[in-house]
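Pasting the structures in now, so scroll down.
The same chain A turns up in both complexes below, where it pairs with chain B and then with chain C.
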Partner chain A sequence: MAAPLVLVVLAAVTVRAALYRSSLAVFIAERVEVASPLNAWKRVVEGLALLDLGVSPYSGAIFHETPLIIYLFHFLIEYAELVFMITDVLTAVALYLAIQDFNKVVFKKQKLLIELDKYAPDVAELIQTPMEMHYIPLKVALFYLLNPYTVMSCVAKSTCAINNSVIAFFILATIKGSAFLSAVFLALATYQSLYPLTLFAPALLYLLQRQFIPVKLKSKSFWLYTMQYASLYLCSLVVIICLSFFLLNSWDFIPSVYGFILSVPDLTPNIGLFWYFFAEMFEHFSLFFVCVFQINVFFYTIPLAIKLKEHPVFFMFVQLAIISIFKSYPTLGDVALYMAFLPVWSHLYRFLRNIFILSCVLIFCSFLFPVLWHLWIYAGSANSNFYYAITLTFNIGQILLISDYFYAFLRREFYLTHGLHLTRQDGTEAMLVLK
Partner chain B sequence: FQDQAEQFFRSGHTNNWAVLVCTSRFWFNYRHVANTLSVYRSVKRLGIPDSHIVLMLADDMACNPRNPKPATVFSHKNMELNVYGDDVEVDYRSYEVTVENFLRVLTGRIPPSTPRSKRLLSDDRSNILIYMTGHGGNGFLKFQDSEEITNVELADAFEQMWQKRRYNELLFIIDTCQGASMYERFYSPNIMALASSQVGEDSLSHQPDLGIGVHLMDRYTFYVLEFLEEIHPASQTNMNDLFQVCPKSLCVSTPGHRTDLFQRDPQKVLITDFFGSVRKVEITRETLSLDRDVAGFESKFPEEELATEPLKYAEQLPVAQIIHQKPKQKDWHPPGGFILGLWALIIMVFFKTYGIKHMKHVF
Partner chain C sequence: GGMAAALLLLLLLLVAAGPGPGRADAGREQRDALREELLLSPLPTGDVAATFQFRTRWDADLQRGSVSHYRLFPKALGRLVAALGVRELHLALTQGFWRTRYWGQPPLQAPAGAELWVWFQPTVTDVDKAWKELSNILSGIFCASLNFIDSTNTVIPTASFKPLGLANGTDHHLLRYAVLPREVVCTENLTPWKKLLPCGSKAGLAVLLKAERLFHSSYHSQAVHIRPVCRDASCLAVSWELRQTLTVVFDFFSSGQGKKDWSLFKMFSRTLTDTCPLASQSKVYVDISPKNKEKELLEVSPPPTSLHEAVVQGDKKTYAVYDLLSPSLFNTSRSLNVQLKWQRPQDSSEMPIPTLHAQRYVGGYGLQTGEICTLIYNTHPYRAFPVILLETVPWYLRLYVHTLTIITKGKENKPSYIHYQPAQDRRRPHLLEMLIQLPANSVTKITIQFERALLKWTEYPPDPNHGFYVGSSVLSALVPSVTAMKDMDVEQSPLFTSLFPSSDGSSYFVRLYTEPLLVNLPTPDFSMPYNVICLTCTVVAVCYGSFYNLLTRTFHVEEPSRGGLAKRLANVIRKFRGVPPL
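Right after this comes the complex of A and B.
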């Protein structure tokens, strides 16, 4: 499978290189959908320039990257385009290897459950076969590399690509079973943007499953492993934060990075939900609503953990999607990351109810974003409501997509254990709904 | 006769300018526009041409839809005096009257595209009259209901004018509530200031006209206008008379003035030095013949020194050098401790994952 992957990688690199050399690069780099105040390339350059002038880059509200990014780009700033292309390729390769391993795990588990007779007799058509699963890793890499969202993110040189790559390595480490590496990468991802903290739960569930430790609250081994993993994670996070202190000998980066992510002071429009609300809000209420909005991101972890504890990788997918919808400064790069996983659940296609309309919504909204932006900012004949409407529609489309996949997943699991033809008590055919 | 001749040359100015500012808008501030137009009328009547007057009116009362007598602005009730005649030239109108524009006019920092009529092209032999009216308070004057100019800003603007030699002498008259606070902070030489009320007092308006429905003038400017109507270009009335205008009995507020920065004695300063544009004319009964070899004229300098160097453009900024400069070395480097720590961590993670046995490949 290496050869097709190499071909895909080459194609992706060509597309990106072509776009870098064209005049679209500048246009795309300024678009708010791909460059948010957290990860715009302009701001990285500004921060490094400030550093050259002898001023801390965190003075003033321009630069919100972590010190490790400063260190990375201090030496690599002339090769920035190459760095971003390599990052994308690394992400795709990491996802490819992760999904390859994951498929093996899924297949093994399926085989075990069939032998244990846990499946109903008439579900043969629902079971995944190696034949159909053979091309999934390649499709995942393809989906990530050639997704227009990723390409635009890469051309805009947004550091979201680096965040995506760290999360991809984290997923690879988790699926391979190495708790230490997974904790380290999760700490790096959390260090850069706060929200991957919620990925702690699915990673923990996956590693527990791998070690065959049942998730029972009274079990001692469960708590022991959880403590181990949590301490690995927290220690690496603390170490990384302390190391960043030594870069500039100041703790300035903490309010600039984490304070900025949590308190959302910059209300430049983006594809998220925060900016419009907070632009219209009275000061008196803004603290309350900031807390509500931020809790919304973290809130779904516990219920999802309870429901999806047998399926941690799906949980991870849903959690990634929730992060990229509800985070304070989302960009299209975040959306591209979870969309790369869609081929993994392609066997759910027959249970998806709204996939056509949702894909239409997402595609139309993607085209309408620049149109309404132009209409608002340049032509002056629209206003922020128009742009926010498209943002809302896009986010609703994403939310419905995720809940559709969630429904399809749970429905398939139900059918697997209860058989395809569900009957009610009186023998008529029953329909499964998600309440 | 000798005295008169001396006085003729004493004031030292050769041209006159006037900057007349009304800072209030809305119909009920009719009187401020009438104030400004009254002073404009007097100043024009006494000889200052429109090209030397910068008139700033924040609102248009003559063509205001609420004006029952359109195209007129009266300063006396019963429509005795229409100060908005046929030849009023307003330079800054409506929303152009802002603190920024006012300060730019005074200091001369105007964008190159500004027309001449909007510029104060004064020089170091100009006497400038600055008249301001509107709503004010202790230390500030309100412009257009949305911004303010403070007495400190005004004083600094005048100092800029002095340093740029933009005036010879300056007369500053202000008719607002607590107007004296506006001239408290002046520190540049050759400024004389008058105000309609002291700090803590309000300047009051004069007469309402029942036909038009608003107050037509402020008291202080009303009496100043009455005083100025008596002045003609040859008047010898001096500033002390102007200081007496509008005593407390008539004005209710106490007008103030400030002359400590002024070098001449106010007794010797003519009203027309500021309000008029008196051209200095020397009448001579002799004929002067201007021949090529004027007898008695000797060149004081030898020929060589008179020949000036050819003027050339001074190299001020080596632009060509700057453009083609190599990018300068980055001055900042990450501290050694950080690099060491980071790479130590990375190596530790690497070996923890892949086992110590790989270390033997390194060494």
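Right after this comes the complex of A and C.
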């Protein structure tokens, strides 16, 4: 399996290198879909230039990266292109290894449940075989590396690639079962962009499952393990934040990074829902709606944890998707990360209801984004409503895609336990409804 | 007996005449003096510039001791200086732009709109609070919208604005500078300005200040400058000086009707009839310097009372002086109408180029990014000199200082001093100050890129597609002068030569302003707030609804129901069609 992976990596690196050398690089770097105020490369360069001038990068409103990025690029700014290509490759390799391990876990669990007769007798076609699971890790790496979203994000040198890489390593550490590494990477991911805090719940559930600790609120071992993991996570977070303090000897980065993410003062258009909403908000309600929108990201964690406690990796996927859709400054790089997981759920294809129309919506919106941006900003023949409409459609497409996968997942679980051919009381074929 | 009585009387008189313990302030003379002056200078393009200066000097210390009797110095400004701890105040309201390239170096330039810069005394503890109060009070005194000066357009320059009066120690944290480029100047601002003059607009040179002629001009700038000066050569005591200046440029085509003959009546539709009785000096200067070293092209009538030669801004200039206080002036006629006639047509191709001039423009296209380009010209044939450039850019044009490039003669020119303070959204603007060396006979191009921000819909002005103004940038330089200048006594020399203190005779101080810029920002649709809120909340609700359904409901096998009326009706129709029933 290593050889096809190497081939995919080579192809990806070639595509990126070719684009770096072409004239499209400048065009892509300016696209607001891939470069947001949080992770644009221009702003990283600006922050380092301010540091050279003797002014703190956090004294203005341009630079919103964490001090870790300053540390990293202070020395590596000459090799930025190489850094981003390596980051993408590392992310893909981490996802490959993680999914490989995950497939083994899935297969083992499936075998256990079949032996325990938990499955209905006629669901043979729903069981995943090693044959069909063999190519899934490669497909995941392929989906991530050759996804046009990822390629554009890399060519634009958006630091979203670094965030994705940290999350990928976190997923790898969690699936391998190392609680310490998982906590460290999760702390790093939270430190970078705050929203991965919600991935604490799926990681905890997975590690508990791996340790065979049942998730019961009265169980002592459950609370003990939770406390252990939480303290590992919080301690690493505190250590990382204190290290950041020592870079510039000030806590200025906290309002500049986390205050910025939470209060959304910059209304630069992006593919998300926040910018136009707050551009047209009545001043009186601004604080209220900022709070509502931020709560919206964190709010699905507990209900999903209750529903999907047996399937933490699917929970992680849904949580990643919710973060990408509802975070304050989303970019296509965030979308590419959860889309890389779609091959893992390819066995759900037969239960997806709207996959054709949703993929058409997403593809058309991706093409319309630059067109309507040009019409608004350069040609002057459209206005901001056109671009806003496309963001609405794109986000609806993403939301329906995730809920479609969720529906398919739940339906397959139902069929696994109740059998594929359902009959009613009088023996005729039955329909399945959600009630 | 008589001798003793005389001696006693003398002693009594001496005691009475001497200063008593409680009458120290009243007894000391607080002399104040008013000088007024009008300078008429024909410009190379055929226009004429008229600069009025009214200078009140008051030998009193406004900071210490209670001053109760205001004579020539206006009480509103005196109380302001005393109460808020102001050391220097410079306020200018300008309409139009001084075209340095064609008109030459101005005696005193101001940027378009309103400009206010103030040095506070070191005793002021909260400078920002004093600044806010000061701008509000001045807004009331001058009927100008100076109350819009707040932290989003105030900066603290470090090198460009040094005190013009007496100063001991210059901590730049006591300085505040703000410019409102959108401010419009009109009669409403001229009237309170004229009211501050001791004679008002009733006598002296101020009778010429008629609003309907003054605002029918290419450039109109009125300013107020308050600063402390030395009382005498030994500089042991401080006097306060108030200068009110008004510069107006009358256009050759619209005011001059295409003819190059100017007169006071043609410019102001009034003539000078008498002098202000409170003025100690009242003069009219006409610049009759020969342009190309030949005999004068310009003829003035009536004949002047005297001629004055001085080196002003590096050039030797000759002025015809009309002293309104001299009795011979109003002998022949009751009114004085100075007329300027050209003897032979001026060679218009021979326009002298000023040593330092600049221009600024916005480059780029689209509403996402742009570029501010400043071109600075040094036309001196062999001398290089440094210039300090101060740029204040509002926060919604996000400057990227790593894109700052300075190119002179094709090569990069690194500034020797650069002070950059980045903007904070909705709190303070960008401040960029640089010291750039200009080589002789060169053009320096300074470019910096910016990104345009999308603002909240309430932050746009009522006409958002007009654009947003960026205030003029300030260039301050000590320009080397061609001719050496003698150091002259302030009291003896004309007012227009003594506004800027000169350190030595080899260079003169110049402060230039570039054009203000008009930049368009992307706008949201202002008719849509309710629609946007509804649509975005709908999308969030779609997610919430889908997830709620999937999280709270479970799959069930559907049990058949008998079906309602509609179903039975549909089944009947289906039976007729031959299609299986529902």
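Heads up, the rule we're going with is that the second predicted complex is superposed on the first by the 431 of 435 C-alpha atoms of A that agree within 3 Å, B and C clash if a C-alpha of one lies under 4 Å from a C-alpha of the other, contacts with A are read in each partner's own complex, and residues count from 1 in each chain.
The definition used in the following text is that a contact is a pair of C-beta atoms (placed from the backbone, for glycine too) under 8 Å apart; a residue touches a chain by one contact, two chains touch by 3 or more.
What you see is a predicted model; the values in this text were computed from it and never measured.
Q: State whether chain B and chain C clash or fit side by side on chain A once the two structures are superposed.
A: They clash: once the shared chain is superposed, the two partners overlap in space.
Q: Tell me which of chain B and chain C touches more residues of chain A.
A: Counted on chain A, the partner with more touching residues turns out to be C.
Q: May I ask you to decide whether A:N296 touches chain B, chain C, both, or neither, giving the answer as first, second, both or neither?
A: second
Q: Quick one: is A:L410 in contact with chain B, with chain C, with both, or with neither? Answer first, second, both or neither.
A: second
Q: So, A:G60: does it touch chain B (first), chain C (second), both, or neither?
A: A:G60: touches chain C, not chain B.
Q: Applying the document's definition of touch, where does A:L243 land relative to chain B and chain C: first, second, both, or neither?
A: First partner only.
Q: Applying the touch criterion given at the start, work out whether A:S384 contacts chain B, chain C, both or neither, answering first, second, both or neither.
A: second
Q: Return first, second, both or neither, reflecting whether A:L304 touches chain B, chain C, both chains, or no partner chain.
A: second
Q: For A:P265, using the defined touch cut-off, is the partner it touches chain B, chain C, both, or neither? Pick first, second, both or neither.
A: In the superposition, A:P265 touches chain C alone.
Q: Classify the contacts of A:L362 with the two partner chains as first (chain B alone), second (chain C alone), both, or neither.
A: neither
Q: Where does chain C run into chain B after the fit on chain A, at 2-10, 254-262 or 398-406?
A: Among 2-10, 254-262 or 398-406, only one stretch of chain C overlaps chain B, namely 254-262.
Q: Can you list the residues of chain A that meet both chain B and chain C?
A: none
Q: Which chain A residues qualify as touching chain B in the complex?
A: Chain A residues touching chain B: 51-52, 54, 68, 70-71, 74, 178, 180-181, 184, 239, 243, 246-247, 249.
Q: Tell me, which parts of chain A touch chain C in their complex?
A: Chain A residues touching chain C: 30, 32, 42, 45-46, 48-50, 53, 55, 59-62, 265-269, 273, 275-283, 293, 296, 300, 303-304, 306-307, 322, 325-326, 376-378, 380, 383-385, 388, 392, 395-396, 399-400, 403, 406-407, 410-411, 414, 422, 424-426, 430-435.
Q: Quick check on the complex: what are the chain B residues that touch chain A?
A: 330-335, 337-339, 341-342, 345, 349, 352-353
Q: Any idea which chain C residues touch chain A in the complex?
A: 365-369, 395, 398, 400-402, 418, 420-426, 453-458, 522-525, 528-529, 532-533, 535-536, 539-540, 542-544, 546-547, 549-551, 553-560
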